[in-house]
Structures are given as structure tokens and as C-alpha cells.
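You will see two complexes here that share subunit A, one where it goes with subunit B and one where it goes with subunit C.
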Partner chain A sequence: MSRDGLLSFLSSILVIIAGLLVGLIVLLVSNAEQALPAVQTILTFGVDNMRNVGDVLLRATPIILTGLSVAFAFKTGLFNIGASGQFMLGGFVSIMIGVHALAIPAPLRIIFALLAAALTGALWGAIPGLLKAYRNVHEVISSIMTNYIGMFFAVYLIQEFAFDQGRGTSAHLHPTSTLPRMGFQNIFREPVGAAFRESHVNVGIVIAIILAIVIYIILEKTTFGYELKACGFNQDAAKYAGINQKRNIVFSMMISGSLAGIAGALNFMGTTGLSMSVVETLAMEGFTGISVAFLGLNHPIGIIFSGIFVSYLQLGGARLQPHFSAELVETVIAVIIYFCAFVFVVKSMIGKVIKKKDGGN
Partner chain B sequence: MYIIEMRNITKEFPGIIANDDITLQLKKNEIHALLGENGAGKSTLMSVLFGLYKQEKGSIYKDEKEVSITGPGDANRLGIGMVHQHFKLVHNFTVLENIVLGVETTKGGVLQMKEAREKVLALSKKYGFDIDIDKEVRHISVGMQQRVEILKMLYRDNEILIFDEPTAVLTPQEIDALMKTMKDMAAEGKSILFITHKLDEIKHVADRCSVLRKGKMIGTVDVSETSKETMSEMMVGRKVSLSLDKQDAKVGNTILKVRGLCQKGNTGKVGKDKLKNISFDVKEGEILCIAGIEGNGQTDLVYALAGLESFDSGEIIMDGQDITRAKIRKRTELGISHIPEDRHKHGLVLDYSLAYNTILQTYYTKDFQSKGFLKRKSILDYAKKMIERFDIRSGQGAETVTRSMSGGNQQKIILAREIDRDPKLLIAVQPTRGLDVGAIEYIHKQLLAQRDSGKAVLLVSLELEEVMNVSDRILVMYEGEIVADVNPKNVTFQELGLYMSGAKRDEVKAE
Partner chain C sequence: MDMLYFVLQHTMFFMIPLLIVALGGLFSEKSGVVNIALEGKMVLGAFTGTMFIRHIQHSIDDRLAEGLELTGMLNILSNPVPLLFTALLLSALTGVAVSLLHAFASINLKANQVISGVAINMFAPALAIYVAMLVLEVQHVRFTNQFRIESVRVLGDIPILGPILFQNAYITTYLGFLILAVTAFVLYKTKFGLRLRACGEHPQAADSVGVSVAKMRYAGVLTSGVLAGIGGLIWVLPISNEFSGSVGGYGFLALAVLIFGAWKPQRILLASLFFGFMQTIAAANTAIAFLPAIPAQFYRMTPFIATLIVLAFTSKNTMAPKAAGQPYDKGGR
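So, the complex of A and B:
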């Protein structure tokens, strides 16, 4: 590992430990007796058995993608807060296709659903992109608005076109519309008596990892990435170089949006029967993506790991329910993730300490 | 008795020893110049003294007592202040706010600005700084910003003042004023460390001069007993010819034709036009220089030619094609190169590597791209060629992050890139700003070579010396107008000065 890579890794570990300690304090205040076991649960549950490991990967899939979405825009100097709305609309489109487009043969239908979700996310991302490029509207403001519009729109459309009255959520996908599990169920499972309980982890995690690598290649190896990063680092120099910034802003937001759209599709197309609820709250996956991106230092490959890590915390956290309220658990996870946002600061601090040390000998 | 002594300082960066066992002694009340090639380690040494870097070896003494300086706070307590190569001001704060920032006096949590105001006004008056302390820093000129930096040091009662290339960003008039200020401050009892590449300035104000070369201290000399030639030889390690021998220009066809460029001033300054009916031609095989005092429209003219900003009316014809409204990329492809005035704003992506910065306008061409992918090896090879040819020095060669490079070497990246594209028209704005004498010599030769191979060069410079030495024809701009079109052979420095200050003007017409 390069020196810089090592520094990044070290600082990530440090902020995680600091976050856990503060999380522990929150738990202590609320329920001192259960606090330590709770931390233990958070730390061990995700790796307790292979089924849980599979579930960690399953949960990681959408947030790796929203993390990539945020990071990609960020490299171009844009802050895409809009991943949540893009995620919801992408999810809706995939559900529609999975429920209704049965005329298309099954494997094709899945691919079609993913592409349609990507396109929807891209179009939804293009709105703040266009506003930024041609009307100089700050993308944070406009993407907050597209989040709400997207969310209400998705909820409305689900109720109109793909609603399951009985459950009060989106309708079940046709069984042939769900993502293939690729035999993962034979690895990620837990023996219960003579039988096994399987994780529902599916091809989604593979797609997420492949997309992370693709994004890495786009950013680091292509002329398009060269242009995008030039715009992100120094707009004036990009202009001087003759780079079409307006076009790049729109493209960047579209790619960012398409990643969030795919996140939505992969989230709702699993075999778990997870469906879109029609409550009027923004999808958390979009915001978790921001933490995932930062924790992964905005590096596509780092984001694979940070996504898995955040998912692992969330899965463990979900087990604390009887002793701690859901809100408190969310708070603790948020505290840990918040600390992770300091990773850049810590990294530069460690860098300095090491330099001073070097100076001493 | 030295007020500051840096003994055997060594400071390394990845791939390079920036300071190698350097000993520097500063006497009380002296102006001590620091001379050295680009990348010799001057800024690094001063940053060590100011606590921005920690040396690996060596120690620092103040008044013969060893001190440890771990940050600018320590430096400040020891009375050490620094004006950096690139200023560090808060742009939407007023001058006064910037000055007191970090040492504010408060009473019950409320800022007490009255005393501060009086002190700043007194200081400003004492040194004859004509400065409005209630203006926001973003609205004042670079020269004024520097005065703010100086006032910051004086306000903190610093007695050891470090100036890192303060004159590189100033106009000749401002330089004169700064030289006087420095002398006044030394007379007041301050001790000054002064980095510059200009030997005249050293001759003018410095008592002693220390010369660095490739991280090593070559020696310290008494300025009054040492010639400019000796100093530059010490610095470069070979004889440098400070004058340029050049053949007469063989002028060819018109390559750039500018007609009737007009640009209104910003609202608020109604009536003051930035560009007033500018017309001129640049021909193949000539170096045409635009001279003038800073702020008389040169920047606006260059931005208009390069396509960075639009203008109200007029037309620009490049090599027979109308490029009045053409995109920047189109202009570049038609053969315009542009060495911009502000290297950090336009010229470089500081977070890119040296290599990536050498392909800023050509990354998409066949040489560096295939099927949308960057050709990494070709890019690195090309950068290595540029490093070789333009003697660009850095810690890690082609892969060095540009931000970590010395100011002069950053400038060389831009020069290499723009000259090597072999443009039909090279627009060079202050191309030698921040370069050492050896590099200036090389760049001037390159400009001439460009000209002699039948290319056109449009040089914008504030330095009369450069204007007179290099150019074949001079246009003088004053308040957005061209007021003279002269041959350097038939004009004196004094006359040029008169044109530049608006005291004299000719009728100028492009045919």
C-alpha cells in the first residue's frame, strides 16, 4: 500500500474507534446495563455467521451505489444531495417493470428494469445539473427540491399503478422479475437444525462492485474523467483549457443520478420482498450515501468497503431494538458515521504527526 | 551578533533535499537578500523559519538563544512575520479586519476595534501607505493587498520581516514604493529577509545577499562589493549573459488582426471604458509588445483575444478566420497559445500532476488519447521531454503534484506547454514573472526562436527592460486605448514612461 493509502486506512480506523466510543457513551446514558453488550452486538452481529455476512452485503448494495453517486458528482465539484429522490424514482420504475412488463422475457426484463432505472435517475439528476450549468442555481438547493418532488411523485405513482392494498406498500414483483441469487444462498447461510436459513444476497452486490470499478476507470483513465476532475479542481483552468464545463456539469449529474437510480432498482428487486412504502419520507439510502462517500474518501474502491462497513453497523444496530429504541439506535449509528466525516481532518493530523516524528531522527 | 541564526538546516521532501545543511545569519537592522534558482529552496528555508515546516536537522537561534518554532504562532511570539509568495488574506473581510485577525482585543466578548483602528491608521500614515482600511480586500489591487500583509506584520510589532518574492506581483511603480518602505523599516530597526530574482532590486536595497543553489548555501556576500554578474554566476554556477543578442525581425503576413474592440467598464464606474476602439495587427516573425501600467486594459484585451471573456463590439481575425465569438478550444486549435497572467487561476490545475498539466489543452488529441482513454505512457514521456527541455525541477519528476512545486517551476510548466504547442500566435503575459535569471534568459531565447521560425508573439509585460530588450514593436496602452506604436530602437525609456502615464500620445492607426 502506498504511504497515502496507509494513511487513509489508519485514519479511517481511528475515526471508527472514536465514533464507537462516543456511541458507547450515548448507550450508557440511555441504558447503562445493556450498553456494553449492545456495542458487542453492533460489532459482532454482522459477522456472526455466513447468513449475516450475506445480509451485510445485501444491505450494502444500494448504499455503495448512492455513495458512488455522491462521490462521482463530488469529483466534478458538485454536491449531489439529490441521490434520495433519484433512488426513489429509479426504484419506482424498476417496480413498475417488474410488476407489469411481463411481456418481456424474464432475464431481459431484469436488465431492462435496471437500464430504465438508470435512465430515470439520470434524467432526475439532469435537472439540478441543467439549472446549475445554465441558470447558476446551486445544486444543493435544487437537488433538495428534486428530492421532495421525486419522493412525492414516486409515492403517488406507486399508489396509482403498483399498489398492494393488503400490505399498504408497493406490489410484489413477479417472481421472475427478481434479481438472480447466483447460488450465493449456498454460501451465505446459517444452519438451523437440519435445514439452512439463507441470506437473500443477490447479483446486486456484484453489479455494485463492477460499477465501482467502472467509475474508477472513468475517473482515472479516460479523457472524460480528466475533464470532469479538471472542472472539479479548478473551474477557471478548465475554462482556459477549452473544456466545456456546462456540458460536463450536466453529464456528471446525469451519471451521478443514474447510479442512484440503479441503487433504487437493486434495492427493490431482491427476493426479500422488500417493497416501497408509501410514507412521505425521503429514502435514507440517499443520505447514507453521503457518509459512505466521505468515509470511502470519495474513492470508488474505498466506497465498496465503506458501504459494506456502514451496512454492517446498521445490521448490528437493528438487533438492539428490544433494549434500545429504534431512534436511539439510529442516533448511535449516526454518531459513528458522523465521526467518520472527520476522516479527512484526522488524516491530515496523522500526516503531520508522522512528519514531525520523521523530523526527530 | 545576529538577531536570527539558522544553523545547519536540512529539510527534505519526497525525492528532494530542499535545504541541505544551510546556515543563514541575519544581522539586526539589515536587509538580507536571498537569491537562488527556481526550486533552490528559498521559500522552504523561510517556511522553516516561520514554523510552517519542521526541519529534519539543524537549529534556529534568536539573539543567540536556541528557539523552537513549531508554528506561525511561535514565530509571531518571537517577532517573526512573513509575507508569502501567494497572499493569505480573507477576501470578504475589510482591510482592518484582516489586519487584526488572530490578535483581536475583546471586552466581554465584544470586538474592540477603536484602538486597533488608530494603531493601523498611524502605521499606515507613517509608511505613507495610501490605503482605505474599511474596504473589503477583494476590492483592492494586488499591490494594496501586499500592503495589508505588511501592515499585518507591523501591527503585530514583528521585528524580523520575511518577504517571499514580494515584487513578482507588483508594477514597477509599486516596486519602487516597496523598496522605499523596506528601507524605512530597516532604518526603524527592523531586520528584513528578502527573496527576489531581480538583481537590480538586491543592488538597490540589500546590505548582504545569500545565494542558494540546489538546496545548498553557496555563500553570503556584501552587496556593495559584488557585481550583478558575480551574483548570478554564484547562483547558476555558470556565466549568464544578462543581455540578449538578436537579429532583425523578418516580418511576414498578418496573422492576427484586431479591429475596433470595445468593452464598457463595469457598472458603477460608468463612463470608464475598459477597451476603447482597439485596432492592431500582429505579423508573422515579429514580437509585438503591449506595454503599459497595470490596469490600463491589457488584461481585458488578452481575455478578449483568448476568449476568456466576451466584449461589446469589434472583431478579431486569426489567420484569415473570424474568431470574434469563437470558443476557446477553437482558438487553441487555430494556433493560439496563451501564457496567462494568473498562473494559479487559469494556468494550472494545482491538484493535477506535472504531467497532467502539460496536456491541459491537448489531452484529447491522438497523441495522448485513444478511444477515449488517456495514453498514460505517452503523457509521461511527453512530460519528461518537457522537464528536460525547460529544466523543470521538482521532487518526483513527471508525477509530482503541481501544488508542491516551487513557484518558478510551476511557471515553467505553463511555458513549456504553451511554447511547445508551436503556435502560430503566442500570447505571453508576464511570461518571466517569478523566474530566475537563467530561466529568463532561456525563455527570452525561446521567444526569439519562435519569432525567427516565422511565428508571431504578442508579449504583454510591465517590465520596461523586458519590453525594450525583446520586442520588435511596442504598443502602449493607456486607459483602454492604444496611445503609441513605436519601434524600441527609436524610443527611450523616458519617452515610453511618458506614453504609459498618459502624458504623451500619438495618433495610432492600423492600416
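So, the complex of A and C:
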């Protein structure tokens, strides 16, 4: 690992430790007796048995992808906080196809649903991209707007076209529309008596990892990726070098949006029967993606690990009741993100300390 | 006619918090700090405010149930007006406390203002629900609404204006208009306002004539905390008798009001009126006979679409403070 990479890694770890310490303080203040068992639950539940390991991977799938979405935009100088809206619309399109497009044969239908979700996310991401490139509108502001527009639109569409009156949420997918489990259920399971309780982890995690590698290759090994990053580093220099910087902004946002769209599809196409809510709130996955991206230092491969890490904390956190509520973990993650805002400050501080020790080398 | 008054009274309920919080955002952005953390500040402001109201109301009920007399503070707080204003003060302090985090990150550490804002927005609802679960064992903070004014004496009888502004009203409505007037005055008629705006437009120039950019930006961000904090409580009071860790995206809507209002107090008033009206229609469109039966979601998304369109057509010569979002670096040019 390069020196810079090592520094980044160190500062990321420090940020995580700081966040966990704050979490521990909150635990101690609220219920000192149960604090240590709670920490133990958070830290060990994810590896308690193979089923939990599978569930960690299952939960990690959408946030790895929203993390990639945020990181890809960030690498090219854009802040996509619109992943939430892209996620919800992508999710809706995949549900729509999974419920209604039964004329398409099953394996093709799943691929079609994923591609359609990617396209939807890309189109939704294109709006802030176009506004940024041609109208000079800051993408953070326009993303906030497209988040809410997308969310209200998705809620309306679900209610109108794919609603399950009984559950009050989106309709069940046709059983042949769900993502294949690839035999993972034989690995990620927990023995209960003579039977097994299986995790619903599916091909989604494989897709997420492959996409992370693809994004890495695009960013690091292709001219296209180099051009996109050049626009992020210095727009004027990129323009001078003959790079069509406006077009690249739109492409960046579209790729970023497509990743969030796929995240939506993979989230709702599992065999868990997870359905889309019609409560008018933004999907948290889009914002968790920001923390995943920053914890993973905006590096596609790092994001695979940070996504799994955040999912691991969340799964353990969900186990905390009744002594503590699951929101505790959300609080800790938010604290970690807050510290992430300083990750570059931390990095430069560590850098200075090391430099002093090196005697100015 | 009654229907129209009903709509306008409800428009006030939605409009006033939007106005107050957008003005909060104005202070912050005019000083040069982008504030997408308004939502989180509203959530925590609403949380401490409603917790306080609930606590006092319960203490009073307990004492009365035991047949004891109310004494001291409790006696004073048994009246709605002192109770409301004490709760607002607490909400304001909460907003300030949260803003300190944002200010410290953005001003002292020169951190990314967007990330810090996002973190606060994620942190706030989680913390509010966590503490509520811990203290009350449910995430809803229930309280009794004793703040509604049936009709203001004399003023409520004025034709047209009476029913709109002075019947079925809340004191907070007048507080909102007062804050608007004070904001316009402070920003455009005082030395402080001039300095604050200078830090958002051209911090180097402000610095060169001896204005402390850091202090001014702290002032801007903390003022936004005060207004967003009370805005949260003012949002929840008229429309619900419980708070459950969310202000329904109104912090972001207030940000849209600020942009739609072109960073100018008078236009922010008009923008909040328009947005408040759309929210009212969305909430009650099935009850309002003269409106077309469009799903509520379309009314809800209209303000956001309108803001996007305005942004698309005005951003070439934007009214946004020029240095908003950029950490101030003394060595920069």
C-alpha cells in the first residue's frame, strides 16, 4: 500500500474508533449495567453463526451499491446526495417488472428488471447532472429536490400500480422474479434442532462486488475514467486538455444514478419478501451510502468492506432491544459520518506527526 | 367561504415554520456557510420542546391528582403562554447546541459542510427516537395541545383578515412575522448585518477591514440554529399532539423556500406562503371540493419541482451568496 493509502486507512480507522467510543459513552450514560453486553452484541452478533453472516451480506448489498454511487460521483468532483430518490425509483421499476412483466421468461425477466432499474436511476441522476453542466445549479441542492420528487413519485406509482391492500405496501413479486440464491442457503444457515434456518442472501452480493470491481477498472484503468476524474480535480485544466467537461458531468451523474437504481432493485428483489413502504419518507439506504463511501475512502474495493462493516453494525444494533433501541446504532453511524467530515483533517494531522518523526522527510 | 378560511388557516400552520426555518437558513448562508442541516436541527428542537411540554403537563396533572396546589414555576407554567415560550427557549437552545457542531466542523476544521450537514440530519432523528425510547419507552412524545387560540379578542372579529389570521390561530404565527421583520432589519439596516453579508459574499474583503470572518460565521450558523430549533416545535404544535422523531422533510422544504425566495426576506415570505398553501392542499385535497382530484403526492412534489425550475432559470445570475459553502482560508485569493 502506498504511503498516502496507508495514511487514509489509518485516519478511517481512527474515525471508526472515535465513533464507536461515542456510542459506548451514550450506552454508558443511558444504561451502565447493560452497556458492555450491548457492545458485545453489536460486535459479535454478525458472526454468531453462518446465518447471521449471510444476513450481514444480504443487508450490505444495497448499501455497497449506494456507497459506490456516492463514491463514483465524488471521485469525479460531484456530490450525489440524490441516491435515495434514484434508489426508490429503481426499486419501483424492478418491483413493477417482477410483479407484472410475466410474459418475459423468468431468468431474462430478472436481468431486464436490473437493467431497467439501472436505466431509471441513470435518468433520475441525469437531472442534477444536466442542471449542473448546463445551468450551473449546484448538484447538492438539485439532488435534494430530485430526492423528494422521486420519493413522492415512487409512493404514488406503488399505490397506483403495484399495491398490496392487505400489507399496505408494494405487492409481492412473482416467485420466479426473485433473485437466485445460488445455493448460498446451504452455507449461510443456522441449525435449529434437526432443521436449518437459512439466510436469504442471494446473487445480489455477487453483483455488488462485481460492480465494485468494474467501477474500479473504469476509474483507474480507462481513459474515460481518467477524463471523469480529471474534471473532478480541476475543471479548467480538463477543459484545456480538450475534455468535454459538461458531457462528463452528465455521464458521471448517470453512472452514479444507475448504481443507486440497481441498489433499489437488489434490495426489493430478494426472497425475503421485503416490500416498498408507502410512507412518505426518503429511503435511508441513500444516506447510509454516503457513510459507506466515506468510510471506504471513496475507493470501490474499500467500499465493499465498509458496506459489510456498516451492515454488520446495523444487524447487531437491531438485536439490542429491549434494553436499547436500534436507533443507537444509527446514532453511532451518524457520529462516525460526522467524524468522516474531518477525515481529511485527521489525515493531514497524522501526516504532520509522522513527518516530524521522520525528521522532515 | 368557510372552506377558504379553513384552507388559509391551515396554510398558516405550514407556512410559519417554513418561513422561520428558511430565515434561519438565510442567516447561515448569508454568512457563507451552507446549511443543509436545517432538518436535523428542527427535529431536535421539536424533540426537546415537546419533551418539556409533556413533562410539565404530566407534573401538573400528577400534583392536581394528589390534591396538591401548584406552586412556584409549576404554577406559572400551568398557563399556556409561559409554557409555550419556555419550550421555545429550550428548542432554541437545542438548535444552538446542534449548530455548534456544524459551525465547529465548517468554520474551525474547514470540513466539508455538506457531509457535516448530512451527518447531523441522520444523527438527529436517531438520537430523538433513542432518547424517547429510553425515557418514555415509546418513540412518540405525546402532549396536550393547549396553545390554540379560538379567536383573538377584537382582532378576531375583523372581516376577512380576522378569520385568516386571528381565529383558530397560534401565537407562533405572530412570532413568525415578527422574526421576518427583525431579520430584514438586522440584515439590511445594521452594521452587524452588513458585516455578516460581507462574509458570505467576499470574506477576504471583510477580513481586510478587520471583520472576524470566523466570528461572523459562528453568529450566522448559531442564529440559524435558534430559528430552526423553534421552527421544529412550531411545526409540530398545530398539526399533531405527538412528536415521533421526524419533521417530515420540512427542513429541506425550508431550504427550497430559501432558494425559491432568492435569499431575500420579502420573497421568502411569498415563497413560504406558496409552499404552505401547496402543503395544505396536499393534506386536505379530498376535503376541498373545488380542487381537482389529483393524488396528494403531486401536490407535495410541486414545491420541489417549482424550485428546480427556478434554479434552472436563475442560476446563471444566481442570488446565492458568492462564498457560501467555501471554508474561509486567509491565504486564499
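The rule is short, and it goes like this: the second predicted complex is superposed on the first by the 342 of 361 C-alpha atoms of A that agree within 3 Å, B and C clash if a C-alpha of one lies under 4 Å from a C-alpha of the other, contacts with A are read in each partner's own complex, and residues count from 1 in each chain.
Keep this in mind: a contact is a pair of C-beta atoms (placed from the backbone, for glycine too) under 8 Å apart; a residue touches a chain by one contact, two chains touch by 3 or more.
For clarity, every value in this text was computed on a predicted model and none was experimentally measured.
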item: First, second, both or neither for A:135, with subunit B first and subunit C second; value: second
item: Which of subunit B and subunit C A:237 touches, first, second, both or neither; value: first
item: First (subunit B), second (subunit C), both or neither touched by A:30; value: second
item: Partner chain in contact with A:165 - subunit B first, subunit C second, else both or neither; value: neither
item: Contacts of A:222 with subunit B and subunit C, given as first, second, both or neither; value: first
item: Between subunit B and subunit C, more extensive residue contact with subunit A; value: C
item: Contacts of A:280 with subunit B and subunit C, given as first, second, both or neither; value: second
item: Interface residues, subunit A side, partner subunit C - complex; value: 26, 30-31, 79, 81, 127, 131, 135-138, 140-142, 144-149, 152-153, 155-156, 159-160, 280-282, 287, 290-291, 294, 324-325, 327-328, 330-331, 333-335, 337-338, 340-342, 344-345
item: Subunit A-facing residues of subunit C, complex; value: 34, 36, 101, 105, 109-112, 114-116, 118-123, 125-127, 129-130, 133-134, 139, 246, 248-249, 252-253, 255-256, 259, 295, 297-298, 300-301, 304-305, 307-308, 311-313, 315-316, 318, 325
item: Residue ranges of subunit A in contact with subunit B within the complex; value: 221-224, 226-227, 229-230, 233-234, 236-244, 355-356, 358-359
item: Subunit B - residues contacting subunit A, complex; value: 54-56, 306, 308, 327-332, 338, 340, 345-352, 356, 360-361, 363-364, 369, 372-374, 376
